[in-house]
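Right, I'll just put the structure down here and ask away after.
Chain naming follows the written order as A, B, C and D, and within any one chain the residues start at number 1.
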Amino acid sequence: MAFIKRKNQHEDDLGFGNRPMGKDQRMMNADGTSNVKRTGLPIFSSDDTYNWLISMSWRKFMFIILVAYLIINILFALIYVSIGIENLNGAPGITARDHFFDAFFFSAQTISTVGYGHISPTGFITSCVAAFESMLGLLAFALATGLLYGRFSRPNAKILYSKQMVVAPYKGITGLMFRLANGRNNQLIEIEVQMVFTINEVVEGKKTRRFFPLALERSKIGLLSLSWTVVHPIDENSPLFGMTNEEMIDGETEVLILIQAFDDTFSQTVHSRASYLDDHIIYNSRFASILSQDENGVTILDLAKLSSIEPAA
Amino acid sequence: MAFIKRKNQHEDDLGFGNRPMGKDQRMMNADGTSNVKRTGLPIFSSDDTYNWLISMSWRKFMFIILVAYLIINILFALIYVSIGIENLNGAPGITARDHFFDAFFFSAQTISTVGYGHISPTGFITSCVAAFESMLGLLAFALATGLLYGRFSRPNAKILYSKQMVVAPYKGITGLMFRLANGRNNQLIEIEVQMVFTINEVVEGKKTRRFFPLALERSKIGLLSLSWTVVHPIDENSPLFGMTNEEMIDGETEVLILIQAFDDTFSQTVHSRASYLDDHIIYNSRFASILSQDENGVTILDLAKLSSIEPAA
Amino acid sequence: MAFIKRKNQHEDDLGFGNRPMGKDQRMMNADGTSNVKRTGLPIFSSDDTYNWLISMSWRKFMFIILVAYLIINILFALIYVSIGIENLNGAPGITARDHFFDAFFFSAQTISTVGYGHISPTGFITSCVAAFESMLGLLAFALATGLLYGRFSRPNAKILYSKQMVVAPYKGITGLMFRLANGRNNQLIEIEVQMVFTINEVVEGKKTRRFFPLALERSKIGLLSLSWTVVHPIDENSPLFGMTNEEMIDGETEVLILIQAFDDTFSQTVHSRASYLDDHIIYNSRFASILSQDENGVTILDLAKLSSIEPAA
Amino acid sequence: MAFIKRKNQHEDDLGFGNRPMGKDQRMMNADGTSNVKRTGLPIFSSDDTYNWLISMSWRKFMFIILVAYLIINILFALIYVSIGIENLNGAPGITARDHFFDAFFFSAQTISTVGYGHISPTGFITSCVAAFESMLGLLAFALATGLLYGRFSRPNAKILYSKQMVVAPYKGITGLMFRLANGRNNQLIEIEVQMVFTINEVVEGKKTRRFFPLALERSKIGLLSLSWTVVHPIDENSPLFGMTNEEMIDGETEVLILIQAFDDTFSQTVHSRASYLDDHIIYNSRFASILSQDENGVTILDLAKLSSIEPAA
């Protein structure tokens, strides 16, 4: 336990609490979301519905849209049939099943506002329902527009992280390093990185979780056009100084990465988070070069090699 | 009156004015809106209409949409009838009432652009009105789209606050505390809290309203993944030092809470405000634990217990 | 000329240049736009078109939409007629004028996607044009939606400024003051004000325009729930110290106001600018109270009295 | 080689790496994009598709929309024909080619939701496909709306840069200068400029690329209403001090310009970048005046003269 030597080091309370972590547990999932279950809230809320519809995968989103379209049309078809199919002028069906499908297709033509007119509503009630459904169609359309735009235009950084950290030689000492790059073709500028080291320790006889911000060789760059190897120099001021790999594993170490950048396409600040557990820290290795040049001398950045490491000399 | 001892303490003019508050009055409503009536402005303004339509409840919004749809169609129905129902080809009605409804449904079919065509316009004037109405339909649709998107995508933090503040033991002294948590499932980062204490006092013989920012144990956290108990330590620098509950009630005390955070889903800064009156401050109590663990060791945050307090040991 | 005494005062170059202003000229118009003609740019640019459509008045915007709708339909009507009116099935017209209007109304029904169908396209070319026009209708719709949303959701502060500045007694000396309030019902928070004094002076024998930032009693408030009287104390550090009204008029004085605030409804930073010329500065006056209370003790802010002044005691 | 004298000057690592540049190569293209090829990423990503559709020219965008509309209608036409053209009621065609075009126009009328109805679907499968296509039409419309709005509302500064830099007399010494202006009619406020000088040098026997931030006479202005000549004074602290034009060419010099501003129309921070190579630096010249006055004394800014230079006196 490396308690005493770290006593005077700055410890930053980041609001994560101080409960020790068990084996196989992590504060933050690898994708940066936090590892906490929340209860006691109402199940449905329009705010969270939006978040949910915006954040889900495209496949799931399209599936939900299609199912909602089917359900709404089935409901309206049942309404039209129950009012009386004779109020749908031009509906050719004879059997009850035919009537349902005539009503279903009429509903689809109404809600999408395509309105061919070979089937048309007569009678007061059916006309009212159709007028209401076409208004609903407009609003549903509006909603879909908003959701699609919201999904597309959501500023989300896609920072690529190396799969592991390395402890590599750095200016006579060693440094804890990871490598990152922009996973999208947009411009990220003013990128800032924070690295937080967290470990279980015995403080005043009680096992507790401690958090130490790690000083970086450089914590901000102006433009992320290539990859960036972020380095924490392990000098005497580092909480990692003199620590063995075993001590790290023993303390259920986790290194949290917090990144902020400005997305020049969307003109908005974006954030990204990641975390490395102790078994993702490789000793005596360094990152292999990710850059090369083509025949014209243009720099090539091969993102497939982002996690490539090689033995440190 | 605790006037003299507070004389040299920093008082921050936050722009709230200095008029004393009466019994049962508050600066800020519990939901963070300010308690002031504004007059002298024109009643209608397109900017404020947008604010109003965006901020109202969904129920009210849908009701307004529906009523607007009815009114517009009634107006156009009256226009079509007054031009002459014989210009609506295919309208089957015989009585004047039938004619009105034929015109009404034709209008609904036109403005929603569903246009079945079993009723269609003939004659120059009716065709013109219909062409204008369908253009209006497009714009109304556009408007609805914008409003729905605006409502959905408005970044609004839903910070949950404990119903009361407590004065609980804190590091040998006591502290004024409240607890907060994120009421939505999105990520809030870089949360900053300001706490302002406001009280009626006699300054230079005149009853006046004073405002004191309260120093916090910690005023900013990096990530709000659990709940956060915000603590103002009541030490000798605190304007609350040595003050009794009676003095607080006497001075019409109000504690204002101003919160700023970064919403990681919408990539925008959000704000939240709240206020506690003197009768929401509970002495000799502390907040009960809100965290537990499930069988797999995953942390559970039970937001239903946010306001749970227990007697201080 | 007040040159010598001001020599050591801080002068801030705000990038306005240093050309002296003539009689009746101002740097900044009263509404905060700058008073410069720009030439040498291409007349049309899609970026500026958007700005223009977003910034114009609603009346003008609606007029442009209507005219555009008419022109597009006239163009398509001419196309349909020139292809041959016999390709519009169901068009009842006999004379050439009737044919044009049939084509015009068919075009309107197509571009708005209402498509009644009592007139329908036949023949390859007419069908192609109609298919293209309906696609254009979709896009025009999309454009209108974007513009309407852009107009509505544009974050724009509506700061109300008092019509004149006053020089009123302030803490034993005098102060240059103006009053502002929020002209909308939304919440403005973290409002910051800069006041810049600008005057023609003879520097090194040459008439030049100088700019002096004015120190404020308070330059930032947390929440603009009432009105705010911004005060520049005219002490010995002020560039206005000892200056007469005549000297100000002589120097073509202008006071520029730059305001920044955070709009809590749109969660965005907004800006506002204003300017006062020398003849808007009233001496020996002060602002009359704008606050009152109703029968229930609720504070009333009467914005109609924002510019009310009264003689200084 | 100017290595020794620059040894103690501040060198800022901006994250560009330190690989020397070859002849005719540049770090940053003239339009501010970076000159790096990226590989190793999946070809298609929905995020980058959005970027791509938002950033392309209007001409290309419209072409893509039109082609997509044609392709989708051809696909659906083939589907309708393969189900059986007899299920399209009212389709007049006789030959196979006629059938295809009937189906094509029916598809266009369905997806645009114009739905005249002279051709209408019968039969279960054809009705299903038409219902699905009209839903797709709604979504395509929604997508187009989002893209058009995204294109229009994207905050992008259009800073105009002078085509060359000049080395002109400045306060007894010389200065490296360029001139900029706002290429749009919106208001840019709080404009900040960084200038970075980059050159190949031999450091510890190895040819390497070095970056020096250049100190500016003024790096920020409050309001860009006229043009702005940005000046780096070449004094003894400048990395350019005593450097000849030949040394610059020898070192493959590039001057990078990074600009940040606040766009008052969109209320968002915008960025712009540019770069000058050694052959764009003109010695013993200065920028000609760009300002004039019209007959009413109003300042005229002629942007066509932005790059006009004249011999230095």
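Following the convention adopted for this analysis, contacts are C-beta pairs under 8 Å (C-beta built on N, C-alpha and C of every residue); 3 or more make two chains touch, one makes a residue touch a chain.
Please read these numbers as outputs of a predicted model, since none were measured by experiment.
Engineer: With centres defined by CA atoms only, which chain is the most remote from subunit B?
Structural biologist: D
Engineer: With touch defined as above, tell me whether subunit A and subunit D contact each other through largely the same residue numbers, more than half shared, or through different ones.
Structural biologist: Different-residue interface.
Engineer: Quick one: how far do you have to rotate subunit B to sit on subunit C, C-alpha fit, nearest 5 degrees?
Structural biologist: 90
Engineer: Taking the mean of the CA coordinates per chain, how far is subunit A from subunit D in Å?
Structural biologist: Roughly 27 Å, centre to centre.
Engineer: Between subunit B and subunit D, what is the separation of their C-alpha centroids in Å?
Structural biologist: 38
Engineer: Measuring from the mean C-alpha position of subunit A to the mean C-alpha position of subunit C, what distance in angstrom results?
Structural biologist: Whole-Å distance between the two chain centres: 38.
Engineer: Could you list which residues of subunit D touch at least two other chains?
Structural biologist: 109, 113-117, 137, 141, 145, 147, 149, 156, 268
Engineer: Draw the chains as points, connect those that touch, then say whether the picture is a line, ring, star, complete or other.
Structural biologist: It is complete, because no pair of chains fails to touch.
Engineer: Mind listing the subunit A positions that touch subunit B in their complex?
Structural biologist: The touching residues are 13-17, 19, 22, 25, 33-41, 45-48, 50-52, 54-55, 89, 109-110, 113-117, 120-122, 124, 127, 130-131, 134-135, 137-139, 141-143, 145-147, 149-150, 154-155, 194, 258, 266, 268-271.
Engineer: So in the complex, which bits of subunit A are touching subunit C?
Structural biologist: The contact residues of subunit A facing subunit C are 113, 115-117, 145.
Engineer: Given the complex with subunit D, which residues does subunit A contribute to the contact?
Structural biologist: Those in contact with subunit D are residues 58, 65-66, 69, 73, 92, 101, 104-105, 108-109, 112-118, 140-141, 144-145, 147-149, 152-153, 156, 158, 183-187, 189, 191, 218, 221-226, 228, 262, 264-265, 267-268, 291, 294, 297-306.
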